[in-house]
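Written below as structure tokens is the structure these notes are about.
Chain naming follows the written order as A, B, C, D and E, and within any one chain the residues start at number 1.
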Amino acid sequence: MSRERAINLLLAGLLLSVPLAALALGELFYITLATRMAILALAAVGLNFALGLGGLVSFGHAAFFGIGGYVAGIFSSHAFNQTPLFSWPFEFFGSDQMPAIWLAAMLISALIALPIGAISLRTAGVYFIMITLAFAQMIYYFAISWPAYGGEDGLSIVVRNGFPGVNTAVPLIFFLVCYVLLLAALALFALVRDSRFGAALQAGRQNETRLAAVGIAPFRIRLAAFTISAAITGLAGALLADLNRFVSPSMLSWQMSGELIVLIILGGTGRLFGPVAGAMLFVLFEFVLGGLTERWQFFLGLILLGVVLFARGGLIGVLAGKARHG
Amino acid sequence: MAEPVLSIRDLRKSFGALKATDGVSLDLRPGEIHALIGPNGAGKTTLIHQIAGGITPDSGEVVFLGEDIGALGVAARARRGLGRSFQISSLAPEFSALRNVMLAVQSRQGSSFRFFRPVMKDRSLTEPAMAMLERTGLAARANVPAAELSHGERRQLEIAIALALGPRAFLLDEPMAGMGPEGSRALTAFLDGLRHEAPILLVEHDMDAVFALADRISVLVYGRVIATGTVDEVRGDAEVRRAYLGERP
Amino acid sequence: MTLLQVSGLESFYGASQALFGVDFSVGQSEVVALMGRNGMGKTTAISSVLGLIRPRGGRVRFIGKDIAGMQSYRIARLGIGLVPEGRRCFPNLTVRENLVAAARQGPWTLTRLNTLFPRLEERQDQYAHSLSGGEQQMLAIGRALMTNPQLLILDEATEGLAPVIRQDIWAAIRRLKADGQSILVVDKTLAELLPVADRCFVLEKGRTVFSGKPDELTPELQDRYLGV
Amino acid sequence: MSTALIIEQLLNGLQFGVMLFLMAAGLTLIFGVMGLINLAHGSFYMIGAFACAAVAAATGSFWLGLAASLAAAAAAGALVELAVIRRLYDRDHLDQVLATFALILIFSEGTRWLFGSFPLYLDIPQVLSGAVDLPGGARYQLYRLAIIGVGVLVALGLYYLIARTRLGMRIRAGQSDREMIAALGVDIGTLYTMVFALGAALAGLAGALVGALQSVQVGMGEPVLILAFVVIVIGGIGSIKGALVGAVLVGLTDTLGRFLLPKLFAAFLGPSEGATVGAALASMLIYIVMALILAFRPKGLFPATA
Amino acid sequence: EPVKVGMITTLSGGGAGLGVDVRDGFLLALKQAGNTEIEVVVEDDAMKPETAVQLADKMIQSDQVDILTGIIWSNLAMAVVPSVTAQDKFYLSPNAGPSPLAGAKCHKNYFNVAWQNDSLHEAAGAYATKAGYKKPFILAPNYPAGTDALTGFKRFYTGELANEVYTKLGATDYAAEISQIRASGADAVYFFLPGGMGIAFMKQYAQSGVNIPVVGPAFSFSQDVLGAMGDAALGVKNTAQWSPDLDNATSKAFVESFKAEYGRIPSLYASQGFDTANLILSAAAKASVKDADAFRAALEAADFKSTRGDFKFAPNHHPIHDVYVREVVKEGDVLTNKIVGVALEDHQDVYAAECKM
């Protein structure tokens, strides 16, 4: 077993053990913290498809994160109030069941990602970063000023949405739901990375001309990756809305997009468990420092700076050694 | 005479005031090596790019296997069977030599929208790729990332990738560059055999190789073909000697 | 007098060792050839001299100064001009800007260079990335000359050039030699390289395995080390 | 709607555009020309504004404050380059993102530590207060005209520096191949420290000049950062002309959109409803324009290299 | 019986000034009471709703607080309050008062000690009517609090408007709007632009030389921003439920002690923090926080000395109080506010009708 794989297993175990330990100690809040880690990690795993494998630095993934969140919020508010979400071609009252919400969150994120990706992928490099940002900003300003679902005030979810057969209101159960989804996304990532699709995607990141010259058009590969990536991030958004029982435009803000990127780099770009390591570290820093000092952002900054300067390849890079390669 | 595999009709391309391709027509027949020579900046690479699809010509047509491929993109042309090597090596630097070749094999086998099966465990990919590395003498370097190969080795890898596409015609832009005497000799012998798999349009400044290999030679100067003929005809052409060959001892 | 003296040079790429003890030297007004098969370490040796790779062992002396471990720009300013493998012109600069950016005081000026490569003058406002391969090669040579170096290093400088131009380059090298310019050349065309070289060194697997006059490089040795 | 109002709004748009250029000028150098993704650029802007406000408050002179803003931002820039950026040139762009993101946190919190949580006072200097009459019945504020002037001067200066001087060529060369330019004997390290400091100083200058119009407070730099990126990208990275044109385009679009869209929607939605819908669209407008431009010109309006 | 209070407020970023004042006012009240029974945990929400939610969870689950307070912004309050009250904790708002929480979504465990969001805007509308303005130009950012503000203004000012304009949230350049004001023939300007937006607007407005009188809610003219605005703000009328010169003993003592403790004049946010703490103290003296019904009754009684003078809760747990008109003046070289009139007496918000508790 390679060192990296051992570290990955360790991280997965660690994340699982936090809520169990919390339960044993009676510190329920740590379950929430661990759930948050899992959800942010899931969002970042989504982004990692585009960014880590495809080199598509999307500075607009908060759009999908937020869209997922709003799907959860809007569906459950309609289900709760028994008002139809739309009445043509059939009456639809939303849903307060997670599977339906997840599916919708992924589907809608993907559907919106498709045109955004198709336009954005005409550009490359920094232009791509900025055009994805532009789309996310459009959605952000739309959400702020659109009164129907609360605008900037956001939208509350009165009771956490359900999952058939289990009680999601129990923190540990909700954590487990998120954790399983995270593992599933990681498994998917690992499969895709090693597949033909993944090979083409990664080759496109390294040398687009080469990829085209062997007969694989980069555009379609990238568009597919961008869409998958958006769907997974959208799923994470739906989960976060359920965790907070609340969704607001701040989930759509550029700071959020930036934070997702930071999570990935912090953990190790392109690494399978990079997003997991990054999310765990970030949430932990934020929590511990926030409790210690009012100036926590200052110290968080110092720590992040230390990581970039002295820990090449992010946390996983330092622990597992050797930079990634195909 | 057999139908040409590739034929170019009156191709034109200008960059501003510069006519990089100025009414070029030439064809590539089955089984031949057609060398394209000419001074630096004559427009050879630009021509190859237009055939491969990277540059859109201003006018003229490119007919490949009886089909006008003028509207197709780079990738589509490659899938039709145009295999090319780059004048300045263009590889996926983080991938090993083997994975670089596997990419071509994968493309040749069809859709890349396969998400689950690991490529490294897929012998239908690894075996043909390894075979190509063996043919080009790079087998020992199969697992070295392309970025860590020496200049000459990268040139060899370019050839291996073009081969792996199993193309119907080769477009090789200065494959000999940087190969060294031994490498050039080996490559010359190799290309000599290759012409039977698919015809080669060969851009090359190494005259020893060109004279040893070419069935026909076209000479491009300032975007125009000033001469086409056999080795001896072209060698004897005073204009060609002046513009290109120089007074060789 | 010895201009450049390299002894026992050892260099690494990360953990993998590429040079295991390379020795060579270039004297004042001398043309020296550095030879070897593909991947034997010629480019690595040159990079190590210029500080692009930090050597981990051995000594590099240039005009009497120990330059191993010095920063590249200081080494270059002492008077080494490099024509790197693969040209490495600045793609987002025009031809003229490429030359001006590198220029230092000395006999080589834009005007003088234009007589050597009229093609560059024709292309002077074109971005380097759109030059043909051969034009880029001329630009790389011109750029190195514009630094007015005491020692000119050419790494595969004739690669990809048309035979006429190649002849011009070799003629130029001979002229430079006649002017007293010291030159270190790496090139694959022995037929042209050996006649101009005063001395040659052959590398194999990161070690110097031969040094001497070109005529001492017998056909057997050429076959053994260079595959001719 | 009077013509005087329309003329004035066009001027406002132009002025806002030039102001945007001024804010983007430093970033053009650091990001556009040196090719460094510097998210902390807004922090230099903030440092300039705070330095100017603090010194102006202590000495009573806006001009001393302005000098202080240049000095403080340049010093911060040089420090950042030496301590952080220098180690990141040969790394992935993404590492620069993380490092400069961290710097934002450090600078913002550090500034609050030093100056407290409340916004500072900074007003325009006495000599530049008041307005001048323009032909056509419009009146325009002197200070804003001065900002246009400074913006244009900075644009010309930058253009000259980047396109015409040998220094500019070396900077651009360093962007594509640092190793090679060093191998040609150029001390690219020191050069880049200086240029980075210059970029930071320009940001500081903008912070001080614009700070006198706005609110000098922690966090003032981030919205500017995004706008500045938008401007540079629309114009084409590395092109000064592009940045100026992009800035004016954004300025005009934003101003006219804010002004006209609500009126347009009010015509068929009623004043209140129309005002909100129009305003919502107006706030998205520059991003819509940017997406459109990039969709049709993927390298911006004036791609630096053909 | 000790009471544990969790304070989630904004201590970093652009809006930190408000959070700092609320916190300082709150802690000052506790210090003056000499009370050691009340334990306070303070954390920074960095103005992010997600962070606020997370902190609320932490304080409830981990710190086991009985009462939460401190939130400055309506959107954060909307994120936190419903889940806090649903978990049977008390929430006392020292600042934000979004309309849903006063109306349809009111809760027995939610108390607002500051104001319902519309109050100050309504007072401004009332003042505009009283002052005889005929054609005010009104503007606010385009987000819920902004539309609420203008709606509130229009509730008490029913005359003609010169124009109604919504700006981009976070905008910093108002030249285009000021040009419109100049051209509109308005006789007054009413604006709601919180934080840096208000500072930028006021400075640019003063520099533009447009001389139409300005009216605003206190937010843009409170002590925390006046320093940054400078003389641009002089003479502006603004509406507030409190002012440092308010003539009652509690307020006077508060201003003096706040100045002595922190070296600055308190803002209305500080007074709200101070009132919130005193309300808790008064309730804790009467009942145990563990006895929720008794404690709630004690809160409802509002048996404390408010800096505002008279203070009582309406049935929806929002204050009934006077709202004053203040004018920005200069005392020595410090800008501050002076009361020049009363806009609304014993004012109560309109949402109480929708509240079914």
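As a convention for this text, a residue touches a chain if its C-beta (ideal position, glycine included) is under 8 Å from a C-beta of that chain, and two chains touch if they have at least 3 such contacts.
Being a predicted model, the structure only gives us computed values, none of them experimental.
Between subunit A and subunit B, the least number of touch steps comes to 1.
Any chain bridging subunit B and subunit E, meaning touching each of them, is among A; the list is complete.
Relative to the C-alpha centre of subunit C, the farthest chain centre belongs to E.
Interface comparison, C-D against A-D: more C-beta pairs in contact at A-D.
Centre-to-centre, using mean CA coordinates, subunit B is 48 Å away from subunit D.
Put simply, the C-alpha centre of subunit A and that of subunit C have 51 angstrom between them.
With centres set at the average Cα position, the gap from subunit D to subunit E is 34 Å.
Chain centres here are Cα means. That of subunit C falls 74 Å from that of subunit E.
Of all residues in subunit A, those touching 2 or more other chains are 141, 144-145, 147, 295, 297, listed in ascending order.
The multi-chain contact residues of subunit E, meaning those touching 2 or more other chains, are 11-12, 142, 147, 166, 168-169. For subunit B, residues touching at least two other chains: there are none. Per the contact rule defined earlier, chains pair up in contact as A-B, A-D, A-E, B-C, C-D, D-E.
Taken together, the subunit A residues at the contact with subunit E in this complex read 27-30, 32-33, 36, 141, 144-145, 147, 150-154, 156, 158, 240, 244-246, 248, 250-251, 286-287, 290-291, 294-297. Residues 51, 57, 119-120, 122-124, 126-127, 130-131, 133-135, 137-138, 141-142, 144-147, 254, 258, 261-262, 264-266, 269, 295, 297-298, 300-305, 307-309, 312 of subunit A are the ones touching subunit D in the complex.
Touching subunit A in their complex are the following residues of subunit D: 31, 37, 39, 84, 87-88, 91-95, 97-99, 101-106, 108-110, 113, 226, 229-230, 233, 237, 276, 279-280, 283-284, 287-288, 290-291, 294-295, 298-300. For subunit E in complex with subunit A, the residues that touch the partner chain are 11-12, 42-44, 46, 48-51, 53-55, 57-58, 60-62, 74-75, 78-79, 82-83, 86, 98, 100, 142-145, 147, 166, 168-169. Within the complex, the subunit D residues that touch subunit E are 2, 4-5, 8-9, 12-13, 15-16, 19, 108-109, 112, 117-124, 129-131, 139, 141, 143-144, 210, 212-220, 223, 255, 258-259, 262, 271-272, 275-276, 278-280, 282-283.
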